[in-house]
Amino acid sequence: MIPLNHWLVACTADELAALGERPLGRTIASNRLVIWRDAAGAAHAVDDWCPHRGAPLSLGRVEAGRLVCGYHGLQMGCDGRAVAMPGQRVKAFPAVRRFPVRERGGFVFVWPGEPALAENAPLPALRWLDEPGWAYGGGVYRVQCEARLMIDNLMDLTHETYVHAGSIGQREIDEALPVTRVEGDTVITERQMQGVTAPPFWQAALRAQGLPEDARVDRWQVCRFSPPSQVMIDVGVAMAGEGAQLAPDDRKAAAVVVDFITPETDTSIWYFWGMARRFRADDAALTERIREGQGAIFAEDTAVLEAQQANLLRHPDRRLLRLNIDAGGVQARRVLDRLVAAERAAPATVATPPEVPADPR
Amino acid sequence: MIPLNHWLVACTADELAALGERPLGRTIASNRLVIWRDAAGAAHAVDDWCPHRGAPLSLGRVEAGRLVCGYHGLQMGCDGRAVAMPGQRVKAFPAVRRFPVRERGGFVFVWPGEPALAENAPLPALRWLDEPGWAYGGGVYRVQCEARLMIDNLMDLTHETYVHAGSIGQREIDEALPVTRVEGDTVITERQMQGVTAPPFWQAALRAQGLPEDARVDRWQVCRFSPPSQVMIDVGVAMAGEGAQLAPDDRKAAAVVVDFITPETDTSIWYFWGMARRFRADDAALTERIREGQGAIFAEDTAVLEAQQANLLRHPDRRLLRLNIDAGGVQARRVLDRLVAAERAAPATVATPPEVPADPR
Amino acid sequence: MIPLNHWLVACTADELAALGERPLGRTIASNRLVIWRDAAGAAHAVDDWCPHRGAPLSLGRVEAGRLVCGYHGLQMGCDGRAVAMPGQRVKAFPAVRRFPVRERGGFVFVWPGEPALAENAPLPALRWLDEPGWAYGGGVYRVQCEARLMIDNLMDLTHETYVHAGSIGQREIDEALPVTRVEGDTVITERQMQGVTAPPFWQAALRAQGLPEDARVDRWQVCRFSPPSQVMIDVGVAMAGEGAQLAPDDRKAAAVVVDFITPETDTSIWYFWGMARRFRADDAALTERIREGQGAIFAEDTAVLEAQQANLLRHPDRRLLRLNIDAGGVQARRVLDRLVAAERAAPATVATPPEVPADPR
């Protein structure tokens, strides 16, 4: 479980665009939503349920920015109330639940919790939009594991040596112990490797930067978890002894691994992954090459996580070890547990769908 | 739920023929049946269960009209009693339930209710067999929705505008309000559209009839629901102002959409669909062309109905609207509820399978 | 249910070899195991669970005979205790359950019951290894039926006439009544057919033996069930009147059908099938030809058994007949019931996995 009074990435602008005039049906935090753009281009999300006969609105079409049910033509408004229906007065029709929506940087966010709290809640910081000189590329996977297993995965990069042996793993990761600290609701796990050889992924980055790929480098990984379920990881390599992250831009290759984890159900997630980088930001071909490489690497994680999830479901009573390398995930779970408990303790203000009258005629 | 003391279409003669010497296994109203023809060509249906070791009889073969179990060769009679088995005396073998069977017009009907009531119960009227000048073509789909959702669909053709926009839908359907009346157990919903342009399917029919496809026409749809779950729809177009259904045969294209809906389980059906027509009845190529077109159109319905069913199962507590356009389906449900209640109130005479003794040796 | 204090075939050496450096994950008697070979080539089996974070060890690799978890590199020992993990002291790590393993004749056996009882328990006799002049070939199928249905199948070969009409079935099987006897925990069902024509499979064997394929032969089938779930079947044909099984080697074709049935779950099995023969044992091409033919024949059984299992699960309350031909299966079930009851009555010594402490740091 994760706290719900937060903005969650529901989909990307690319996903909406690929559907053309069709809306997107997607389950977010166990709510089945339909997402579409109005005539002005603003995205909206409501319960994927036509109040007429319960058909999914996501089977319908978007006509001039209006969501039209594909069964009998009810037109749904962005506030969850029917706007029109051929031959009918829709005023008394029950509304369906609407979900607050925001959009930034190609991400469409929805708010699955109490709508009134959404208004003043800031979106997650997207550093690569706020500062010049960055490039971003990414994608989305559906993974059959709960959000916490993915957070564990991203807060303990020890797994790179084993899961990603051919790309970003290297033995030195095992030798450099990570250090974890908690700052409010943020959990930070940092690992520094000094004077190592870059693994294949970073050799390619060094080449792209015009630096020698076989040089001794200092490598860093700084994982930052923030609620409800995002992990931003500062990663990079710099010529050895020149200050690692603090080295001059032309002596390093630096990037941020971007991970937005959106629960679909209690045992599955939408995993929005990407990389924002500060080297050769103009090189679109490089962006695409990195995106493809990262997509292949992160697919290796999904296989392990799905098998782990299946094993945990088989043995719900077994406890897991919490080693020093697990501290990041363990602390992130504590933050989540605290926030979920606080939401539950709060007055029951989470929106419930409006009651549907028995027979409104 | 539908009432069970009725003839239900279990399969078509074509389906049996396609299997050659193999019997057909099919679930009808939650009963798993095996259906086969005896040496005289008469169809029979019994529980798909070999009384010896429980293997499905439908895995077996039909040899000279006898159903032979594919595991150890038990021969099953059309009364549900074993006829013979190599090396065994079968007299004391427990019988399996048999289901009354009738056949007409290429449809094989079974009676899932009390067998004694079957004898004098008439088959559904198949008008195209009783009058000269008709042609018929059709097919069968398995659809994962309950029977009532399909009945709703067929009693409210408003959906044609949205689900079948490219074939039989047209905006004027929305504008012509349907009128519903109940005559005993029959529910009739009628819609008349005057002076409209024919949609693509009916333009093709006009061409086939030798009439101008772009003429103004009067179009009619008269949906007739009869228990337990059939809907016959008089449809057609006539040159405008010549009396619609009453226009002379050479001034109209008229047909009956035939729908036999057989529950497989509580959430799935066998949907026997077809069209009987009174124009160019000798044209077999036209029959086949219409069958293919209708098959494509009705596949559009199945996608919507399966998504609607999944949504309803997700939210069993939500109520649906009942608008004027839904009156046909709403009235049909009332008829069904009344008949089901009456069957339940009747003395418990529905056949139960005979008790199997523990060890008959 | 079958008794667990027995050696069960878990996999073949061929299956392990095909995986190269990857271990094998397999469920045996509802325990999910990982099986691998150490540096000396000895096979081991432990719970498919990494004590660190619950990932399946079967996703990992075998490096120099050590099983390495594919997530964070924990090295698992053959006793179920962690051997090492980068950057960690593993001494206090909880152990996972280990399963005794033996190997012989290309079969890897595991002991799913009380480990202490395994030590002195003999492996099943593999006659074709202990006597000269035999050849063996076989394979493995996963079948979705409980072990008892497969035992029934193999103890009542009457089904050959119906399931295997094109290969080993013949009408005379139905005419020759089998005789069943029980000797301790062994159940023997014997059928003798005198002066018959060989069915296609045995005609091929006669040809291979240099005997006339159309000769009158005496055919025998002697099925031997032994706990927990193996059936060895002496089969063959000899020139008629020369003593059947006792005929001189050059006047008969004789073989043993080998069946090791290992429960995967309560409703599925790993079925290790094969044939050991005493004619033309040097002819490897013949071994392969027989293996292919037998594989095709036994696939016919799996289709029937899976359909039978599905039918039985649909009607758990229905009883089956127990005819004279079923005596072998019925007696085998009695042996199994007796042994299972005895195991349950014994002091609860079956190993449970060690308790995992909440937080061992």
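By written order: A, B and C. Residues from 1 in each chain.
By our rule, a contact is a pair of C-beta atoms (placed from the backbone, for glycine too) under 8 Å apart; a residue touches a chain by one contact, two chains touch by 3 or more.
Given the structure is predicted, the values throughout are model-derived calculations rather than measurements.
The two sequence copies chain A and chain C touch through a face in which the numbers common to both fall below half of the numbers used overall. One rotation lays the C-alpha atoms of chain B on chain C, and its angle is 120 degrees to the nearest 5. With centres defined as mean CA coordinates, chain C is found 47 Å away from chain A. For chain C, the set of residues that touch two or more other chains is empty.
Note for the complex: chain C touches chain B at residues 152, 156, 158-159, 161-163, 174-175, 177, 303-304, 307-308, 310-312, 314-315, 318-326. The residues of chain A lying in touch with chain B in their complex are 32, 48-49, 51-56, 59-60, 68-73, 86-88, 93-94, 356-361.
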